[in-house]
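I'd like to ask you about the structure that follows.
Just so it is clear, A, B and C label the chains in written order, and each chain counts residues from 1 on its own.
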Amino acid sequence: MSEATLPKAMLERIEDFGGAAQPLLKVVGLTKHFPVRGGLLSKARTVRAVDNVSFEIAKGETVGIVGESGCGKSTTARLLMHLMTRDAGEILYDGMQVGRALSLRELRRGMQMVFQDSYASLNPRLTIEESIAFGPKVHGMDDAPARKLARELLDKVGLRPETFANRYPHEISGGQRQRVNIARALALSPRLVILDEAVSALDKSVEAQVLNLLADLKSEFGLTYLFISHDLNVVRYISDRVLVMYLGEVVELGPVDQVWDAPAHPYTRALLAAMPAADPDNRTETPPITGDPPNPIDPPPGCRFHTRCASAEPMCSAASPTLTDLDGAGHQAACYMAIPGSGHSRASAAEKAA
Amino acid sequence: MLAYVARRFVYAVPIVLSVALVCFLLVHITPGDPLVAVLPADASQELAAQLRTAYGFDRPLPVQFGLWLWKAVHGDLGNSIATGRPVLSEVIRAVANTVTLAVVAAVIGFTLGLFFGIVAGYFRNTWIDKVATSVAIAGVSLPHYWLGMVLVIIFSVQLNWLPAVGAGPGGSGEWKWDWAHLSYLVLPAITTSVIPMGIVTRTVRALTGDILSQDFVEALRAKGLSETHVFRHVIKNAAPTALAVMGLQLGYMLGGSILIETVFSWPGSGLLLNSAIFQRDLPLLQGTILVLALFFVFLNLMVDIAQASIDPRIKRG
Amino acid sequence: MTVITESVLQAAPVTKTRGYWGTVGRRILRDKVSLICACVLIAIFLSALFAPWLGLADPYQGSMIRRLRPIGTPNYPLGSDELGRDMLARLIYGGRLSLIIGILPVVFAFMIGTVLGIVAGYVGGKLNTAIMRTVDVFFAFPSVLLAIAISGALGAGIVNSIVSLTIVFVPQITRVAESVTTGVRNMDFVDAARASGAGALTIMRVHILGNVLGPIFVYSTGLISVSMILAAGLSFLGLGTKPPEPEWGLMLNTLRTAIYVNPWVAALPGVMIFAVSICFNLLSDGLRSAMDIRE
């Protein structure tokens, strides 16, 4: 943590309130349902994009979110950024409720986001320097220092300012654009950066470079990451803890090594098994998971995964299991098989009253 | 499909009401007292007060609108101040002439437009395309009333082939589909057809070009389908949009005929509107605009429904 | 955003880059048709503007004995009108009023429609519904009918003619502006700007306006072509300019009776309307393809 090398003229950071023990972000019961307009006579239905999602992110940690497309990862990111209104749930930033102890405007400085589409997330009519300088100017910085900051940040993300500052987004490559987007996010001195599939659209070699850059920036700027991706290898590489989402719900969460080594939810197992193995002898021939995810419009009752689960039993379609702690070390899963004494034939016997 | 038609009709109701409101308000944005229009120049105070009550001008505007609308729904658009005849019958007689003109012009304009458009789309970026595009752009840039004058100069004044004004020999008699009458229709119809011709050419050219550059056309040709079959696919894909554009153009011809009808003294709704404006015949003005606008709304509705019935991509749920 | 600081000057860019509008400008200069149209329009504009200094005859001074001279008469290069006034002078002076009543409505409608459309498109929701449903009502009238109805109700006059044409064009531009804005609004960079804490006005000014102005501008340029025809058309009907002012539409009207005497002189004002109209149309097409920059 070499604080001295940080640009001097950065915006002041949102102060650390609760200390290390206070999670930087605490999400409780986050819910977003989209109404789907029915026809003249058919009744309106809802897509449960995000349903009762709760988790915490500790200071300095990197939390990954994985899941198939359409599982609510990106909606979660937009809800956290307050780009969308949530239907229910609480979002606490360093223990502060947004809108009460912390204004929305202050939250913007404390939390930034990098989008997947590097081109669409930059205004084509602004130069790179102007795009990066826009945020600080919104928060009261003058034009000249904001541009100076933009150039310093370009340097920080590995782009020569004299070459890139006055270029337009269409004149640079995808990897370079994503570096610009990272610089733009850093320009507001955030403590938390949400990376929504930020490296997914890049070539593998460029992806590795950007991931290394992110790791460097994290220690240099003392950042906390929420890393959203469908690429399990990348998530394992960068994350400390991981959340597995399926159809808008968290089905498993825990330290990345434990989840990878001992996945408790059949969906997580299927996802991990679907990863192409590096060793050709280890490749599986049979697909571990079949079919598309069910329509998120009116999802199945009970456990949402039971329609695709090989071990589903009648109880699975009756009621949905809740996230349950498995080992006392933060590894949780929402599956009757993993919950001792749940009544599922493959669950271990009750050690304590379930 | 039935549900779609029903829904379109339901959506049209607020539009129709708003159109009626605009027509009603037209009279009230006129400078001064609307009464002035119906009052003889030397009217006494008593007569003014009498007429004010008779026309309901002394009541609040919403009430006036309600009364006016109630009468309009029952086909009573008031009487023309100039002729004293019911507005509705005047308008309907004039609209019939305008429809005759518009339909003939549409046949000319759409045929030429479709032909130029398809040819230009097929031979994109060749000299044929350039000629067709130039004709199209000239068509939409021509002041059509001036084109009417030029046609009169050439074919009536210089060559003396066709009559310059009117809708038939011996003044405004009954319209007949014989040459004596048709000769009066030729110049106004050609003039009216120029704008739709240009617009249809542009639209169809763009549509044809786009469709031909799509992958599925490659696939059809690769399958060994004849050009006639490919052409059929092009027509099928271009039809919904082309139809919508032509429907709209027909509406514009019906509603926007005032300039051309003035040039040729064609006794249609446009000429009626012209005289209503200059004689400050407000009931006639209001009624003519209302009928024409309602006609336009109805035509748009029909086009929407026709388009939906041939375009599988429009949801009909 | 244009302040260039010392540090920026010191670190001058190694590679020269052109902004979007720079590229568009270069492309339009390479397009011969657009260039010619621009030149014709500039010539008509300048001659109308500097008409008093061009050594022309008095456009109001008639002569009962020199009425309706044909084109090419000595001292009357383009003939004379029904009151013996010099046609060349009247055509050039006529550009002043004709261009004003043709272009101003589009300029006003561009300003009003852009604001309405961007607000409707960016804010969305009930405000969008309110604005766009009102716009729909005006689309229930053919534009010529609407222009003449309003003009006819308001009465003849230049101001009324400009007002009525503005009312005709505002809904059209609003609809275009709204649809372009809705498209831009859903782009990630707008979300990124919101995520940086910028207010709606700042986002509309910095991020929306620059991206929607181009298409709206092109559309409006094309509308000038329609507006020129309609404005002259209103005057032709007697709803716009009043005699003896030289104005192309009105001149066409007053010369209508002369087509049996000297037909080609009578047709001249229409040539001017046509020229301006087609030039704006071609220019709009040229702009559109110049702005269609694909990577």
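By our rule, a residue touches a chain if its C-beta (ideal position, glycine included) is under 8 Å from a C-beta of that chain, and two chains touch if they have at least 3 such contacts.
Please read these numbers as outputs of a predicted model, since none were measured by experiment.
Summarising the inter-chain layout, the chain whose CA centre lies farthest from the centre of chain C is A. When each chain is reduced to the mean of its CA atoms, the one lying nearest the mean of all protein CA atoms is C.
Computed centre separation for the pair chain A/chain C is 50 angstrom, with centres defined by C-alpha atoms. The geometric centre of chain B is 24 Å away from that of chain C, both derived from CA atoms. Centroids built from CA atoms put chain B at 57 Å from chain A. Annotation for chain C: no residues touch 2 or more other chains. Of all residues in chain A, none touches two or more other chains.
Counting only residues that touch two or more partner chains, chain B has none.
Across the interface of their complex, chain C is touched by residues 14-15, 18-19, 22-23, 26-27, 29-31, 137-138, 140-147, 149-150, 152-153, 157-158, 251-252, 254-256, 258-259, 262-263, 273-274, 276-278, 285, 289, 292-293, 296-297, 300 of chain B. Interface residues of chain C, counted against chain A in their complex, comprise 1, 3, 5, 7-8, 11-15, 17, 19-20, 187-189, 191-198, 202, 206-207, 210-211, 295.
On the side of chain A, the complex with chain C involves touching residues 78, 81, 83, 104-105, 108-109, 112-113, 115-117, 120-127, 130-131, 134-135, 138-139, 143-144, 147-148, 151, 161-163, 165-168, 170-171, 181, 184, 188. Across the complex, chain C meets chain B through its residues 133, 136-137, 140-145, 148-150, 152-155, 225, 228-229, 232-233, 236-239, 249, 252, 256, 259-260, 263-264, 266-267, 269-270, 273-274, 277-278, 281-282, 285.
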